[in-house]
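So that you can tell them apart, the chains are marked A, B and C in the order they are listed, and the count of residues begins at 1 in each.
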Amino acid sequence: MFWGWMLFLAFFIMLWGYGEYVQLANGMIVTGLNDQVSWGFYLANFVFMVGVAAAAVTVVFPAYVYKHQELHKIVVLGEMLAIAAVVMCLLFVTAHMGRPDRLWHIFPVIGIFNWPNAMLTWDVLVLTGYLALNIIGGFYYLYKKYTGKPVNKLFYLSVVYIAIVWALSIHTVTAFLINTMPARPMWFHSMMPIKFITTAFAAGPSLIIIVFLLVRKFTPMKIADEAFHILSQIVVWCLGIALFLTLSEIVTELYPSTEHSMGLKYLMFGHHGLNALVPFFWTAMALMIGSFILLLIPRVRKNLLLLPFICLAVFVGIYIEKGMGLMIPGVIPTPIGEFAEYTPSNIEFMIVGGVWAIGFFVLTVLIKGAVGIMLGDVRYEEKARRNVQGEQADAVAT
Amino acid sequence: MSKLNNKQNNKNSPAEEVTRRDFLRKAGAYSAASLTGAAMLLSPKPARATKNVTWAEHFQKNYRLMTDEEKKEAIDRLVKRYSEEFGKTVTVDDAPAMDGVLFGYALNIQKCIGCRRCVKACVAENNQSRGDKQQIEWIRVMRLEKGKFSEKDRDDGGYPQDFGIQVGGNAYKPAGVVLEGQHYYEADKVPEKDAFYLPMQCMQCEKPPCVKVCPVRTTYRDPDGIVVIDYNWCIGCRMCIGACPYWARRFNWGEPDLPAEEMNPKTHYLGNRPRMKGVVEKCTFCVQRTRKGRWTGCVEVCPVGARKLGNLLDPESDVRKILATKKVFRLRADLNTYPKFFYFMD
Amino acid sequence: MISYRVFAPFMGLCLLTAASTNPVFGEAGQDEGKECFESRKGLSQVQQREIKPGVTNVKCSPTTGGVLFWGDPFDGTIPMGDMPVKADYSHEEAVVKPREPQIDRNKLLTICSMACHNGEYVPYPENKLARPLTMHKDIVPDAMQLKHGKEAIWCLDCHHAATRTKLIDNYGNEISFNQPQKLCGKCHGQVYRSWRNGIHGKRIGMWNKGGKKRWWVCTECHNPHDVQQGERNSGFAQLNPEPAPILPKGMTNANHERGHGQDHDGTTH
């Protein structure tokens, strides 16, 4: 089962390799992007994954700030998810760049780092910091568990509390990246960071719920139902606020219906025969609203057989809404009013699919290792007998 | 379950046997390598691959931070590379901004006839990529319809409907200028009777949003007011394209297609030298010309003399005279970008 | 742990494939002898030729036949001379493209008078009413449309009656065809002033004050024999436009922008 899954992912990772090669050799002309729609599938996925990465904090936040005991144990799994998600973000960014071979230009000292002027540099800082925090925090905890030593609460909790605040910042800065451009009226409003955070905190925990249910199913690790109830409550609250914000946006834009509303109108209704995005918008709305209503019912919410499917609907709905429903129509029409439609090319699908596969690959490896260590199956004393790579497999086997 | 047995067997002699993991790795490597090879053979070859880019060029600094010697070296490298690629003597100028000059531009929209010669002259002068796959034009001319006044059923289009507001115009078919410009207009002869034209290009703002968002400071304002790009430093993140309210910037999605016989060999480092894939480019007020005192390509070609370029710091220049005597406006002035590209009517 | 031996031949193969592709060099030949028009089609023709290695005097548009680019803006020009009023530009070097060589290039004037007027020029008409030229239609193609000044002006108001290769001013002095502004400015004063300031009309060359400029004179852009242009009432003839940009990837046509007008209720046509 495990190997089947890994092989399945490996296939897509190979496709990613091929896609990246073609894109590096020929330039981004192999994508469906053009000067009119210059931000596309890669950045849409990037923005969504930053949200998912930020959502790891939803697991951490209740555990430590509200001292929710049940969540303590599984916090580190959330940190692993954050690492996998940030890795995906970095891969999406390098796929989006025209010249990844010139990435060194952005580093301070050897290049030029235009901080604090350029919002992108803030994003680089917070994402790198978040990755570092999660790696340090997560691996420190796991290492202590692995060696059986006590965790230094002062150090570890400081890292955790900083990570909680930092997680909010990563997605806020990503929102600032797009909402500080008056050239793009669909994005240029102060609601954007709130919308980002709420959609992230609805999609992220949905994924976490699904992952934790899988962990419960495939490993001996015990995760109390309480954890799922807390997470699903977070999902329904945040989804509710997100839908409220969407409603607010629709009313604000469509009531006076100015030239600045063209992007939203194009998304919702199409424009003069160009309506590629319309089905996406309404599907996303249906998924989000439907899930929201269902999740409001406590009996449904607490039903752990139904919950993963609703969470999947939330995840997919928000993915569509943030990607096809926000990032793409934000650049349509161009600031001077030209409409152009965009369909990702096969190479883009290959690369995006591959990055998701890499993300899941990393996530699987990390979770497997973490679960193994947490369950106590993998311990320092046995290190002499097994090589490092064999541990995780043995953790499953025994 | 057979997997488990295999693993347990491995425990005893890890050195000899090929583990499943190793096999997968090798298989993956084989397929990756063969796919790579196949890809190289099958993938379309770019029109003019910049394969002669040396390591020195790849690792050069940002132009502004270079010493004079480094600049000279960089330019020599480029001259050598371009001359080889295009089979003619290419010069790459590095003229700095002239003292006491701040370029301003004025465009007479009363006169513009929408002939698009400015667009094509700019392309002839500035070595943009051309052809079917990747055509870059820095100037975009929009056609604005003067509006229809005599349509039937115009008078009863209320807003909102059916609330007694059905007369006095039509909110859904408004009279007067149609705001949404047309970019792909085709006409037999211009100017057309029921349209006027608005060309747009980089406005060379004094507070450029593109400069602010560039994470590596590859695009910046030079002392003569021109917003320039160091093409060798651009990382292709396209934040600037997102931020520009005038849609003035273009991206080289693939390797540019520039036939050698159409290449203009008189280039400037920050201006019209041939670009490479993955970098942003835009109108530079023809730095290769203007820093030598000559007018830009678009100003010279305009058959109706609608375009004027001059030194804003010289009260006798065309542009200053226009600002002094004509009614001028700028686009999206509400965004406080302070463009130096003025529109006027005469 | 893994043996990398297997990689080497594959990488070698890949590199070999890459190295074997050669960029194709374009020929350095220019379109010699191509003709295009600088401003008025038919009246401002110029031949493309190489003036320096790799630089042509003009570059022609392949679609409309108009000049796109002057390699040397002063090619074939002569000094403009002093303007009749004091202005800054009189200290600048100003040149114009002479038209006089084109006037009577076929040397028909002598033949004309011999062939039809018994060696004499046509006597100055007694009837000073403006009327369209009925005779020399072949020389002046738009003779019958002459409505310059709404028929208040006729041929000999501008053309020298005796020296047909010159224009005339109110005092009977000759004005060269190279500098028609001295004639046109007589009535079109505001435009003339605007032209002298560089705002009306066209100049190419050096933008800086004191720099050499080629001034485009009135008749290079305007046709004084046909100022109505049919129904258009415009002093400027229509031109063929250059082609539109190619559509962006993902679009097959531009019909969405050719709507019947704004429809803000979201309905599509």
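Annotations for the structure displayed:
Please note the rule applied: contacts are C-beta pairs under 8 Å (C-beta built on N, C-alpha and C of every residue); 3 or more make two chains touch, one makes a residue touch a chain.
Note that the coordinates shown come from a computational prediction; the quantities given were computed from them, not determined experimentally.
Of all chains present, the one whose mean CA position sits nearest the global mean of protein CA atoms is B.
Ranked by distance of CA centroids from chain C, the top chain is A.
Note on chain placement: the centre of chain B and the centre of chain C lie 28 Å apart, centres being C-alpha means.
Chain centres here are Cα means. That of chain A falls 32 Å from that of chain B.
Rounded to a whole number, the gap between the C-alpha centres of chain A and chain C is 59 angstrom. Multi-chain contact residues of chain B (touching two or more other chains) are listed as 36, 40, 140, 179-180, 183. Shown for chain A are the residues that touch two or more other chains, namely 33-36, 338. Residue positions of chain C touching 2 or more other chains: 257, 263-264. Touching chain C in their complex are the following residues of chain A: 32-37, 257, 265, 268-275, 338-343.
Looking at the complex, you find that chain A touches chain B at residues 3, 7, 10, 14, 17-18, 21-22, 25-31, 33-36, 38-39, 96-103, 105-106, 111-114, 117-121, 124, 177-178, 181-184, 259, 331, 334-338, 385-387, 389-390, 393-394, 397.
Contacts from chain B toward chain C in the complex involve residues 22, 25-26, 29-30, 33-34, 36-37, 40-41, 45, 48-49, 51, 85-89, 108, 113-117, 119-121, 124-125, 132, 135, 137, 140, 147-148, 151, 171-174, 178-180, 182-191, 193, 259-263, 265-266, 290, 293-295, 297, 299-305, 308-311, 314, 316-318, 321-322, 325-326, 346.
Chain C contributes residues 248-251, 255-257, 259, 263-264, 266, 268-269 to its touches with chain A in the complex.
Listed in rising order, the residues of chain C touching chain B in the complex are 1-2, 6-7, 10-11, 13-14, 17-18, 21, 23-30, 39, 53-55, 59, 61, 63-64, 66-70, 73, 88, 194, 197-209, 211, 216, 221, 232, 236, 238-247, 254, 257-258, 261-265.
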